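Heads up, the next two complexes both have chain A, just with different partners, chain B and then chain C.
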Partner chain A sequence: MSNLIQMLKPKTKAQTTTLFAWALIAPAALVMFWIVVWPLYETFRLSFTNSNLGTLMGGAEFVGWENYEKAIGGRKFPAIVTRTFYWMFLSVGLKMILGLIGASLLASNIRARGILRALVMPPWIVPIAIGCFGWLWLYNGHFGLISNFIEMAGITDGPFSFLAYKQSAFYSAVVTDVWIGTPMVTLFFLAAMQGVPRDLYEAAYVDGASRWYRFRRITLPQIMPTIVSMALLSAIWTFNSFEIIWILTEGGPRGATTTLIIDTFKTAIFSYKFGAGATRAVLVVLILGIFSILYLTVLNRLNNKYGYAGVRK
Partner chain B sequence: MSTVKLKNIYKSFGETEVLFDINLEINDKEFVVFVGPSGCGKTTLLRIISGLEEVTSGSVIIDDKDVSNAPPVERGISMVFQSYALYPHLSVFENIAFPLRVAKVNEKELEEKVFKAADILQLTDRLDFKPGQLSGGQRQRVAIGRSIVRDPKVFLFDEPLSNLDAALRGDMRVELAKLHQNLNTTMIYVTHDQIEAMTMADKIVVLRDGVIEQVGSPMDLYHNPKTKFVAGFIGHPNMNFLKTNATKINKGKFSANIGDSEMNMPIDAGDTKSGDDIEIGIRPEDLEVSDKGGVPMRVDVVEHIGATVILYGSVLDNDNFCAVLPSDSTIKPGDKINITIDPNKCHAFNSSGQSLQRS
Partner chain C sequence: MMDKYTLLQKIGIYVSIALFLLFMLLPFVEMFIASLRPLTHLFSRPDVPVGETMTFMDFMSRFWSDKMSFQAYRDMWVTVPQLPRYIFNSVFLSTAVTFFSMCFIVPAAYAYARFNFRGKTISLTLFLAVNMFSGAVLLIPLYKLLRMYGLLNTYWAMIIPGVAFLIPTGIWLLKSFLEKIPYELEEAAFVDGASRLYTLRRVILPLAVPGLIVVGVAMFIGAYAQQFLFAITFNQDRDYMPLPAGIFEFIGYQDVLWNEMMAASLVGILPVLLIFLFMQKHLIAGLTSGAVKE
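On to the complex of A and B.
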């Protein structure tokens, strides 16, 4: 015992400093361990058990890869993964395009742009649930504004319930997700655009470059790092976007809006299959991890080869 | 053939008026320098010529064509910015090629032009670098390269050397002068540094508070400043001023007391009457130390800069008096010396700052 204490005792000044540093980090590290590492480990462990409502008091058994085999081999799984990626690419793509357009407009020298900039924020400021309930009413067939308008315009000849049909429900959810997700993207792009030195635009203007040319060869490459990181963040958030879909459709109708995260929730919480749910959660982490690594690798390659935005170096 | 004419140019930003009735003619192949303290409107005037800023009234005429409302690209100008305005994401090659790409010049001609510009500016081995990997002087040259490839009628430079260190600035001054000889085009150059103006210009335009104070060749401005402002601005170290008054007028010339001695100035009195306030200006390099007579000077600071010695101290009412002496001078701080002021080398200014004519 005294040997151990002797071993742990700091011998040099450097060791004292190191020990002190560890002591300072310890509280934060403990909290991180408690709220991040441990739940991750628990999820991972659960995914290999048959834990369910019946085993809450104990008795869950280790079942090896069974949950994974069932999940991946499941009839619906390929469709859900495809749908999730489609949902992600569509929604993120729209957010990026709308964000770029919005930021360009807000960055231009227009009257009352302070007010306009503030007006971009509400979808993001309003709590997501409240916004979604608003959209729920808009999409409503009998009382909904949209249904009413398109009926008045003669496009439909009766009430149309957007969330009642497979396709319309999916795209309605995309619209709402884009509505909520765009303001932040816009503001980040706007901030990045404002960081581009004015001189660059003036120099290009003197050389006769059109607005579009300046946007393509100055703005885009200059804000590309922001676009790249926002696209990745947005992709992860959208992939895992839960409350919007849940409030609008609960993953329906007939699974048309069930993404991986909805499937995870349904399995783990609605069907009380904690083990199988945990398996899906682990799969989400894996898929997103692989996606992120691929995304960054490919972009890095493209960047090395062509420079940002494919502009010749 | 490329001349620039500015006619009755006024410019205001909202309520703030920055330029008043600017009239100027710039001849073909001339190197013209706009010089003045910060806020005098020189950069605004350059931006008006470039087309980056619109005139409030008046006209810009390049080669006898009124371009007041034309966009920059139609004016046949190119501009080098104070910050260089290089595109950080593009290589040196692409930076120089940028205007040609905008103009959709074919690849072969483009490469030819870029290589030629790079050759003139000694950038050939830097073409694949990004601006961030270059030194200040090299970045400056890339910016110049970008304006060369367009073969502009008029080159505009907006304080291009102000971000460089002193040694490099000296080198670049020489290079720019050479470039002007090589390219043989009209150049308009803005600076707040009168040394740059004196060394490079064919013609200097001194601006102050949005008004042209004086236009002339460097030596003309040095020897015959029209106002006290120009006299104080041109020349380094600055001209010394001593307040006094005209004691008598004799045959159109006046006399004035400097210290205890009355001097007859070889300067036309003009409207000046006996007793009027007068300021005498004398350049530091025109002063001599004398054993007796002259005006007493208390020396505060002595700067040995090699070829000369610069003394700072007080003479009469002026506490920032400066004298330049030969380098063998042994004067120390705290010394009390006498300096002689040669009336033939004096300038005189009336109470409104106008120069009195020397004869």
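On to the complex of A and C.
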């Protein structure tokens, strides 16, 4: 025992620092182990069992790769994975484009900028569930603003329930997801734009560069690091997006909005198939992990070859 | 010179901003209008005769009525007597989550901002990697964990996971604040014989107050926004239900009381909106300070 204490006793200043730093981090790290790391391990373990409501607390049988074979071999699985990626790329792409447009607009030299900036934030601040109630009503065919508006504009000749048809439900969910994700992207792009040194613009202006040229050749390359990291963060969140789809459509109609996360939730929580649900959760983590690593690798390659993220300096 | 716009450009910018804001605020506008309309008007839909197109007046009459009132804001408390409780729960849960998460965030962020030590980069990366796992992926073991400790259907069932998923972001945010406090101050205190903990408490914390407030508010908003998932999976007790889950009660009745539901939603988001309104300048500056640095 005294040997152990002797061993742990810091000998150099660096060791004291390391020990003190870890003592400060330990509480947070312990919470992470308890609430994230252990559950991850447990999800992994459960994914090889036939655990259900009766056997959750113990007694579930080990079934090997059966859950994985069933999940991946399932008739709907390829469609769900494709849909999830389509959902992610579409939604993240729109968030990036809208974020760039919004940030450029709000960065321009106009009056009342402060108020206008604050007005962009509510979708992000308000509980997702409550924002979705608003959209639920907006998408209503008989009483919603959008359906009535397009009827007046002569696009449709009667009520159109956006959430009732496969395609329109999917794209409606995308619009709501973009609505919730855009404010944060806008805010970070705006901050990055304001960090670009002003003399760069002035030099280009003196040389007669147009606004568009300055945006393309100065703003974009300068804020590319922010765009790249926001895109990855946003992709992860969008991939994992649950509440929006759940409140709007519960994954329907006929599975048209069922992404991997929705499928996981449905299997695990609604059908009480904990083993099969855990398998899907593991697949979500795996797919997302592979995607992130690929994204960062490709980015690094482009970076080495062409300068930051493929934008020529 | 460079920032001057022609009149046409100016109009273009303002119109574009107006369109952008319209998209951002449309659901709230719709919710507000719906909350003012009596239920009968809400569900009336005067039919346009076959062969005729809907006119602008038809359109307006569907969303505007002379009988608009704030009646729903009074009736909702009667329809769902638990409503005050739900709003209280939402605010209480967020406050508790903010408090506990800050207890873990402050020391860890301080360590990352101040010291170079073994395992710094890797552990910080691991913390941030937690963002990759949404709560939805870990629901089953979390359910098991909470059941094991007998915490299902209590406030803790929503506080514990809420705290855990906010810690990584909080550490990252607060770290960038603390890094801006000059190290010399600390050294001076140290030379004067103050201990590390004393320095943290008496020198760093007071200087970090603005940063702490910003991170605290960000955590509160995050906690307020993310109550739904944990509430519907880990809690069935109506006494502990937060508003986003409790609001579904308006659906349970004979017909959905949409106007009251919208009124309750709007009242329910007031706490965060007010906090945001007071803090927005600091909050926006604070949240983005990490992004600008690079």
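Going forward, the second predicted complex is superposed on the first by the 277 of 313 C-alpha atoms of A that agree within 3 Å, B and C clash if a C-alpha of one lies under 4 Å from a C-alpha of the other, contacts with A are read in each partner's own complex, and residues count from 1 in each chain.
Note that a residue touches a chain if its C-beta (ideal position, glycine included) is under 8 Å from a C-beta of that chain, and two chains touch if they have at least 3 such contacts.
Quick caveat: nothing in here was measured; it's all calculated off a predicted structure.
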Message = Looking at A:Ala118, would you say it contacts chain B, chain C, both, or neither? Reply first, second, both or neither.
response = second
Task = Could you tell me if A:Gly208 is touching chain B, chain C, both of them or neither one (first, second, both, neither)?
result = first
Request  = For A:Pro221, decide between first (touching chain B), second (touching chain C), both and neither.
outcome  = first
Query = Is chain A touched at more residues by chain B or by chain C?
reply = C
Task = Figure out whether A:Pro183 sits in contact with chain B (first) or chain C (second), or with both, or with neither.
result = second
Ask   = Should A:Leu232 be classified as contacting the first partner (chain B), the second (chain C), both, or neither?
value = neither
Request  = State whether A:His142 touches chain B only (first), chain C only (second), both chains, or neither.
outcome  = second
Task = Figure out whether A:Phe274 sits in contact with chain B (first) or chain C (second), or with both, or with neither.
result = second
Inquiry  = Looking at A:Asn109 after the superposition, I want to know if it touches chain B, chain C, both of them or none. Which is it: first, second, both, neither?
reply    = second
Ask   = Looking at chain A, which of its residues have contacts with both chain B and chain C?
value = 202, 205
Ask   = Along chain A, where are the residues that touch chain C in the complex?
value = 14, 17-18, 20-22, 24-25, 27-29, 31-32, 34-36, 38-40, 42-43, 46, 51, 56-57, 98, 101-102, 105-106, 108-110, 114, 116-131, 133-135, 137-138, 142-145, 148-149, 151-152, 154, 157, 159, 179, 182-183, 187-188, 190-192, 194-195, 201-202, 205, 225-226, 233, 236-237, 240, 242-243, 247, 261, 264-265, 268-269, 274, 277-278, 281, 284-285, 288-289, 292
Complex contact set, residues of chain C against chain A = 1-3, 5, 10, 13-14, 16-17, 20-21, 23-28, 30-31, 34, 42-43, 45, 53-56, 58-59, 62-63, 90, 103-105, 107-108, 110-112, 114-120, 123, 126-127, 130-134, 136-145, 147-148, 160-161, 163-165, 167-168, 171, 196, 221, 224-229, 233, 243-245, 247, 258, 261-262, 265, 268-269, 272-273, 276-277, 280-281, 284, 287-289, 291-292, 294
Key: Residues of chain A that touch chain B when the two form their complex   = 197, 199-200, 202-209, 213, 217-218, 221-222, 224, 307-308, 311-313
Query = So in the complex, which bits of chain B are touching chain A?
reply = 50-52, 71-73, 77-79, 81, 83, 85, 87-91, 94, 98-99, 102-103, 146, 150
